[in-house]
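In the two complexes below, subunit A is the common chain; its partner is subunit B in one and subunit C in the other.
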Partner chain A sequence: MTFVADNPLATPLTRHLPLAAGLLLAFVAVPAFASDYVIEAILLPFLALSLAGLGLNLLTGYTGQVSLGSAAFMAVGAFAAFNLEHRIDWLPLPVSILLAGLTAAAVGLVFGLPSLRLRGFYLAVSTLAAQFFVQWALTKFGWFSNYSASGIISAPSLHVFGISLDGTAGRYLFALSTTALITLFVHRLVISPIGANLIAVRDNETAARVIGVPVLRTKLAVFALSSAIIGIAGAIWAFAYLRTVEPAGFNLDRSFQILFIVIIGGLATVRGAFLGAALIVIFPLLLSRFTGLAFDGVADAGVLKLIERIFFGAVIIAFLIAEPNGLSAILSRITRRFTR
Partner chain B sequence: MPGAVLRRTGPAYLVDKTDTVSPRLAAVGAGVVLDGISLSFGGIRALTDVSLDVAPGEIRAVIGPNGAGKSSLINVLSGLYQASAGRVRFGGRVFSAVPPQELAALGVARTFQNLALFPGLSVADNIAAGLSFRRLSGIWGNVFSLPLARQERAAHQDQVREVADRLHLTADLDRLVATLPYGLQKRVELARALVAAPRLLLLDEPMAGMTATEKAEMAGFVRAARDRSGLSVILIEHDIGVVMGLSDHVAVLDHGVKIADGTPDQVRRDPEVIRAYLGAA
Partner chain C sequence: MSIFKRLAPALLAATILAGGVTTVHADDQHFPLQSYRVGPYAAGGTGFFGGFIDYLNLINTRDGGVNGVKLTWSEGETEYEVEKGVEVYQRLKTNPGIAAWNPLSVGIAYAMLDGITADKVPLITINHGRTDTTDGRVFPYAFPLLLNPYSETSGIVNYIAAKEGGLEALKGKKIAVLYHGSPYGKETIPIYELLAEKYGFSLVQIEVPHPGSEQQSQWLQIRQERPDYVVLRGWGVMNPVALSTAQRNGFPVDHIIGNVWSNSEEDVTPAGDAAIGYTAITTQASGKEYPVLQEIIKTVYGAGQGNLADQARIGSVYHNLGIVNGILNVEAVRIAQGKFGNRTLTGDEVRWGFEHLQLTPERVKELGAENLFHSINVTYDNHEGEGYVTFQQWDGQKWNVVSDWIAPDWALLRPIIEKSSEAYAAEKGLTLRTEADAENVSQ
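The block that comes next holds the complex of A and B.
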């Protein structure tokens, strides 16, 4: 709710110009000019992880419910989309993806139930149950992976309305449109009064309950919505990026990675998920180039990998001490300096 | 009839009015009645058989030394604590345990001893949170700006503006509440409590830590709210000057027991109150 325009010069046109330019770049320029390597190795994982981060940010950043089960919901989304595509031939891809999101929402709702009684660390530990249970169930019951001997299945071919999306650009556009639509949805949600309810639950649950914010309903709805978004991110991760579906890719490491994306990017901001995901995806690539150049011949590949990890960890710690509000806060400070 | 049994059946905590309700509960029409409220934490008795009638439009102060059970009383009234015995009546309904999530719908609003605002929200959104129990539009309606959601948003905005105007908060509506000075934050909390036009307002030390000017201002806002809509106010406050000036009646608690109840003048002269709380002048 805004009562006074924060900046009289920022008309709708100038305010939305950077976003419009970015979308134009992403939808038109990238597919036309970017190399396959950039799309396959950077942009596809970036989009999938951004979307997962966005989903988790709704839950953790806005509503204050810490979850360590994100990868499980990604797995649910990926496997649900695979089974829908595989078993129901005629289902259009967007519908499968939507239904996969709904499946993840249902699972998220079940694992969200403890949030009605548990808070903070205790809730985080209870979401670990989702992480372990889902991975176990997907490995244990062959039906989920269509009884594939290795447990690794290749993703079905992607097409919408008869147009094949199997090429690099096609998969990129599929991931980009899905991410853009969901981001718009989340943006509209968090600026609405419902978004204020989420923050009220996070900031002071007791006060929220006493003044009549529907705390329990809000928590469950956010668990479902967040899981649905993360599930769709899982489907994109498997279908568009990896082109394979396997439970092992959705382990606890992935859950932590998504949590780091949200924390580094900036809790309770929409763009934070994108900034965090960009850092998490691009930084290791740059780092491996750098260590490759600096320590070439000095250390073997295993040691290089270790150096990378140590450096990455150190950067995260330094970063959180210097700016606990994440990359989003840094970006705000920079833009404010330039617009003044 | 034991409260535990009542709580398990039907529309929980609602006691059938026709049976064992005491004549006191049945007699008073509107307003608030506390009938024989007791509360204990383990072996510690926080409240013992406290009864209190607050008429519509009355400002009732509850005073007493630290640990006398004043905040416990408000927490029982707002459902955060469950009384081990006794009933509470708001308007036409009698409760053995007040459901906190329905409090706002029952026309009861409260503020907290320590600020309980939402620091991540603007002043306007903090105040508007006091209306969210009335919102009918859900996630989809709000995301897609359907007509109902739009109407509700506009109506709530008007109500927020109106209450902000009364409490002189208009200039700060867009500010993040965490950036406001303490006195203003207390006022935002009052605005959040008043925005839904409650019938009963529970104020837990609304003036603690304020300057004399701020206290006078706050007392003025509370009185104006009462005069405007005839709501009942239960007020916990330590500043005896403010209490005596603002309230119609004063109840005094000591060790969880009500030791006096009357007009400010009666209470001021009560020897028991002087011994327990006020001290000899």
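The block that comes next holds the complex of A and C.
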């Protein structure tokens, strides 16, 4: 878990070339050439979950505060964005997304308060409260879902400066731009002195306090920031990906999924969230295609699914035994081998 | 070896990018199935999709398809999760000749609503779904066939009235509704209130928090309120727990009426003796004495092609719902073929077929489904189709039908549905479809 994972000997050109190529590919080539299936079923959930993983990584990876409430903050972001879009007509979409992030930050701040006293497992249990409370409140009070009879709401149509983003490519570019901007922001943050503060709080709170890190303020601030990012991820999940919002979709399973993304991808790395989300989203699909082809007609769909689950679990265990620091560390080893 | 190692991921990726290998032929009529055979709702999923596939199989084997057009299907597992349902939708929607989607999940149906409207392919949500999609003027491609939640509520109240000796007799009676603490459970709250006011019965509605495995306090409240009937609007484990808790609190089980998601064998068997005498609403009777089931047993299971792993479940509530769903889908295709020709139809042509899906009791009898379900009468603006309901009582071994076919009070409910659908149309800036629009079919 190094502070700066990049190879310090690389020149600026070789360091930034892959990123530039990747962005070019993502912004230009994908909307032009990728099929609907790739964007709708793979890239959109990948982007939303990556962003949520990034938010949680700030909290758990960098600052060492374990949270099991991520899905709740996603739900807050999604429902806040829905209500802002629905109730305040003239609000531009980027502003509603930002305000949804702020709403999630406010809720995160409240549920972050126990972190001032609690640590480790105890904190994890207290964040569970967020998970259950938010889901309960969203189901209990009809106002949040605009009194929709079944409590499930359809996302409003997406417009930025008069341009409709309702098509597949539009929603993808919306999700991609948001994710890219926030990733850039998080990257700048973690290499700044504030990033060092976060790690100091994680590694030893007392020592951090001694060298002058404002521990309480840092913890609360990171809870708010992490929740804001996860909230925006929730808005993307609901608006750009599923086009529908239901409280049950943001359950404890989703919180665990985001936590696993962070752990598998690599704690305290920016790219870890993306690698982890890629594994969680794409690997099960590849696996189900593979079993579907290999065992077509041999076993029924239910048995195949169970085989897939066993295999998926085994792969994750194997990964973590081979490299406890996650996919990000594996990638570092591979790139080191090639650049040497 | 090392080459294979490097190539394997690429091959897999290529498969996924190419959309997988499909065995669908362009001259077939195709049904993509977002089934769920694992996860908490597998009992419903295996029964329903099993029945649906069994019926499609019967049509292929016995009749050689619908007027010579073979029926094909492909399955994707959703585990009843919305995002998996969306993935399967995206994966299967490129298959040629798609007739209709049947997700049997309101969450997945919502997530597909924009997509299928753009694709112009019908979305069938039999016995469930968003109530206001009944209004075909606003939702051209969504069909909550047979029974929406409001009609179900009306049907239950009408049944209680019939037991008491007419709607007049409801005056002064007390009904308690025990509902699941979820959006689904709460959907009918305003309708019960409306009916209570109209017919003059008093009403208590009590929430059971999800999942409902502990109900002592709710049944204590019921004991204090002393209602004449308890309506169970449950889901999953909540149903057997309600029945056994009722027995412990001394509430007579034959005065508990279950709704359409509390009516399966899986809901009563775990409660054991406590469930004997429990009555529940249904749109399709259970049992295997109907000719269509006998043919499925003979033709499909006889050839070893049956879809249910456990043959004891043939004729169970979910299996029969799947068969009825199969009949409705196949007949919509047949009706549309009558207008457009005996060939593979487009989704919009099948939509026209669903909008003319009018099966009289005589036609239902010809299909071998007399008394399995009553009739259906779908029009361009009524996508539910006036399904009749019946009531079945559990005797410890099987369900027995204990009522005639009962009609919900559609005229009373229609203005409420229109109010909701027109608000949706205004919000989305849609113009209401007319009958002439509905006749305009894209090839």
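Here is the rule we go by: the second predicted complex is superposed on the first by the 331 of 340 C-alpha atoms of A that agree within 3 Å, B and C clash if a C-alpha of one lies under 4 Å from a C-alpha of the other, contacts with A are read in each partner's own complex, and residues count from 1 in each chain.
Convention: contacts are C-beta pairs under 8 Å (C-beta built on N, C-alpha and C of every residue); 3 or more make two chains touch, one makes a residue touch a chain.
Owing to the predicted nature of the structure, the values given are computational and were not obtained by experimental measurement.
The superposition on subunit A brings subunit B alongside subunit C with room for both. Looking at the shared chain after the overlay, A:Ala196 reaches subunit B, while subunit C stays out of its contact range.
Using the contact criterion defined above for the overlaid structures, shared-chain residue A:Gly231 touches neither subunit B nor subunit C, since it reaches no partner.
When the two structures are aligned on the shared chain, A:Gly212 is found in touch with subunit B, with no touch to subunit C.
After overlaying the two complexes on the shared chain, residue contacts for A:Gly101 are found with neither subunit B nor subunit C.
Of the two partner chains placed by the overlay, only subunit C lies in contact with A:Ser154; subunit B stays clear of it. Note on the composite model: angle subunit B-subunit A-subunit C, taken at the C-alpha centres, equals 140°, rounded to the nearest 10. By the touch criterion defined above, A:Gly276 lies against neither subunit B nor subunit C after alignment on the C-alpha atoms of chain A. In the superposition on chain A, A:Gly266 makes contact with neither subunit B nor subunit C. After overlaying the two complexes on the shared chain, residue contacts for A:Gly112 are found with neither subunit B nor subunit C.
Closest approach of subunit B to subunit C, taken over C-alpha atoms in the A-based superposition, is 34 Å. Residue overlap on subunit A between the subunit B contacts of one complex and the subunit C contacts of the other is empty.
Contact residues of subunit C toward subunit A in the complex are 12-13, 15-17, 19-21, 35, 37-38, 42, 46, 75, 77, 79, 82-83, 86-87, 90-91, 94, 106-107, 110-111, 113-115, 130-132, 149, 181-184, 186-187, 309, 420, 428. If you check the complex, the residues on subunit A that touch subunit B are 1-4, 6, 185, 188-189, 192-194, 196-197, 199-200, 202-204, 206-216, 221, 225, 268. Contacts from subunit B toward subunit A in the complex involve residues 78-80, 100-105, 109-110, 112, 116-122, 124-125, 128-130, 132-135, 138-139, 142-145, 149, 152-153, 156-157, 160-161, 173-174, 192-193, 196. Subunit A makes touch with subunit C in their complex at residues 35-38, 40-42, 45, 139, 145, 148-152, 154, 157, 166, 241-244, 246-249, 285-286, 288-290, 292-293, 300-302, 304-306.
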